[in-house]
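All remarks here apply to the structure that follows.
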């Protein structure tokens, strides 16, 4: 875990309120686990004060280049979107535990389900899985056509279904409607998106899986207990009754924590 | 009085921690009284929150270009110095009452005494006076050679004496040492600089004069009473016992307010 | 039909936005920037029996997210305000709230009585919370019994509704609010500044000549919201909310916390057009969020949805 | 020879900088970033008799110049802390301060007694000021008599010095400080968080599940400085100062206000290296400003120059 000023090498709007940024620096070489995140200090000084968690979307180990995709929500992400190539951003990371892939074997199928800005971390995951020879069923949910991103990139890695709530692109409905249409079995699913979506995916899924949570964070490193979630009864055993999304997660085995 | 985003057309370091900035916009055409100041909002948001008062150093009415010279002191001026050409700065102004010049007649002599960042407003004043055919005796005090600025520019307008505390340039000593050496009479003096200097100049001067004060400000427009100074006993008469540096000043008749 | 109109005791306002006392003089300065008729109401600087010279300078200091001030209630005194400042405001068609301060109870009573019989004074705001005066002020603001007694006495002589401006520098804001409500206050103003200090590390001395000053600005907003949230649930009188409002969403937050109107202080210094700009922004935000009647969101943070629209809240 | 060493009851520190309770866990997380031996001391998270689950999430919210938190004293309980957390800290050669909380006096007494007999516990910090627990906590922090009684009882059983952590949410901080000093406190920690709230205008509800939260960060620094300035002049026991420290000049400001050492809270979240960086910066600033002994500036803001160096102040 390092804190480093990363250099912005690209900044581009790729959908409605959605930006893609590339950053480079030494710490990028440690970012090899999909599902991990970085904690960004968007401005010097106090406005805003706290760091912002953003998932690692892709890493080019050779050029030490990190890609993130983010939606402008409030002050922090808005300021981030105003940064320019050759500005720097102070980055703490990589943080957290990512998506486990070791258990997947060549020829097996993985289901990836992402919603909105939950989609980006699945891209790096998809690349890792595809490189291992895993077949990918990918379902990406957005509100509307203007919100869609990464569709083409995912298509190079597996079978992609896009769903939109208004039907303006792909299947009309939610990611679970996409899941209902799936006709191939899968050994593991991986999902990231808003909490209601995660709940729905967990209910619909037909295998074991991994969910990536979004919690409000303070420290991002496990010290402040801002981001805890309760462990499900049947997962507690002797251990702690809670998990920290920032350091024990953000990825958990589906069912481990109550969402 | 207007609030406007002025465009930065030049930003240059001209001495140790001293920067010169040029700004352009419609409100510049109202900035015709030397000694007035502008109130700058250096950053959007709260860091820093309040505006910063900076004197008008020069105005080019034709090109609607305003020049300011400022020293990096704390957060606000430091951020100002990091701005680049084609960035904007939100400016409220012109504010306050400047140096009166109407009473000066062609052929008369004026003494201008400036110290440190009290020098800039005297430049616009010198230009106005010189244009009226007033002879100028100009004394500029700095700490050391590396702090000197505007010397050449002033030389085009009158007789200049530079003093430095360490003698590294010009006369060794304070502006009052420069005043002691003056061998020409003057009808009015104008001074701007740190308060102890103003006091000393007021004591040494041999004519009526005008002093420009630096007070901590809140609103800059006369509403908050942050910047008041007491009126000297013999100037009170029927009127108010105080003056507001931001709107009654920053320039006062020497002796009118207690400094 | 969208409604921004808010009616409180003595104050019929076309919108819920007014400047806060002490941040707007007696109106003339900002009157050069825009038509004061755009405001919901105006609150003028604290008035005392006699002229007050205020504290020595420096009187203000900037701090992270806010500022400290120790003006010391400088004002030209009751007489001058009556003869010169209030008449100037007659040409505007907006309610005028006069902030009243003093050293002893008799001061408050005298000033309130006089001012409340002036025709364009719509309400009195009792400043029992100014942290920058050595005598009076703060004591009234931290003892509920004294605050109640003062309220009762001023109510007895006042011809207009009386709002009591509470200090946040207390252990039990709810107790203070209840005490002055019971004593007859028509409304509350919350909050005044928090007592703070800044030290110049180069000199080792406080930056402000008075040493301590009142903290205002965005830094105090969470404290204001909490106090208004807590107080609005237990009192029946309306609250004028203030403390760090700098954008329209801040106004909505204050109303949802339980304020019925808001006052803008420090933001005027950042932008002389703050009040009219906020009024415009507020109207836009209501459209965006589908708020038809500004009164409908008062107290929404703690009210169950059905009960939202009511007389003051 | 420059001196950063500070010696307070129970705490022999190589520099005056420690992390603040609740912002540093039990040390392990930040121990992965740097050697904890660089710290002047370490203050760990509040410990209660039994394990506490804390409050529902969201537990934090950002506000201008600071943050709100309502963790709710989540901690693994006395037993677990004794067996697992404190032993891990044994490998470091720095004083350990344990923050103690509870619902009733017996809780505080029990936990303090147990912890104070553990060999690497150097001092107890009585958290009578946590605004986020419904029972206990805040009551102890706002009533000087109860605070004094608690202090006396804990002092009676504790084998190590006892620091009392004061709440800023009171009318009379000086009265609180004097009360606990008289009851035998060895030192004070000031300040805990201010009670605040943020409302999400989209939902109309408080952002934090607990509704209110504790405000920390730069926004509260002026309040902390003022309170330490006022208290340090009337008590003889030393003060550990905290509240919004983000740079070395902030540390100097706290010391000049009257603190003898400082604690860093929210700044750790902004920069995990905050503590060691601040220690380095502080040493540099001392050089630049010609401060030879860090103890020499304690209370400089109110002391006449001759008296500056003294035992605690």
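Think of it as A, B, C and D in the order they're written, each chain with its own count starting at 1.
Criterion: contacts are C-beta pairs under 8 Å (C-beta built on N, C-alpha and C of every residue); 3 or more make two chains touch, one makes a residue touch a chain.
Going by UniProt, the chains are A, B = Dihydroorotate dehydrogenase B (NAD(+)), electron transfer subunit; C, D = Dihydroorotate dehydrogenase.
Quick caveat, the model's predicted, so the values are computed rather than measured.
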If you apply the touch rule, which chains end up adjacent to both chain B and chain D (Dihydroorotate dehydrogenase)? A, C
Name the chain whose C-alpha centroid is most distant from the C-alpha centroid of chain D (Dihydroorotate dehydrogenase). B
When the C-alpha atoms of chain A and chain C (Dihydroorotate dehydrogenase) are each averaged to a single point, how far apart are the two points in Å? 46
Rounded to the nearest Å, the gap between Cα centres of chain B and chain C (Dihydroorotate dehydrogenase) is 36
Between the Cα centroids of chain C (Dihydroorotate dehydrogenase) and chain D (Dihydroorotate dehydrogenase) the separation in whole angstrom comes to 34
Distance-wise, how many Å sit between the C-alpha centres of chain A and chain B, to the nearest whole number? 55
For chain A, give me the residues that contact two or more of the other chains. 46-47
Identify all positions of chain D (Dihydroorotate dehydrogenase) at which a residue touches two or more other chains, and write them in rising order. 64-66, 218
Spell out the residues on chain A that touch chain D (Dihydroorotate dehydrogenase) in their complex, using ranges where they run on. 1, 3, 41, 46-51, 92, 215-230, 240-242, 247
Counting only contacts in the complex, chain B reaches chain A at residues 43, 45-47, 75
Complex contact set, residues of chain C (Dihydroorotate dehydrogenase) against chain B: 22-25, 29-30, 32-33, 45, 51, 53-54, 57-62, 64-67, 69, 71, 74, 76, 217-218, 246, 266, 268-273
Over in the complex, which chain D (Dihydroorotate dehydrogenase) residues touch chain C (Dihydroorotate dehydrogenase)? Could you list them? 63-66, 68, 142, 169-172, 194-199, 201-202, 204-206, 211-213, 215, 218-223, 225-226, 229, 244, 249, 252-253, 256-257, 289, 297, 300-301
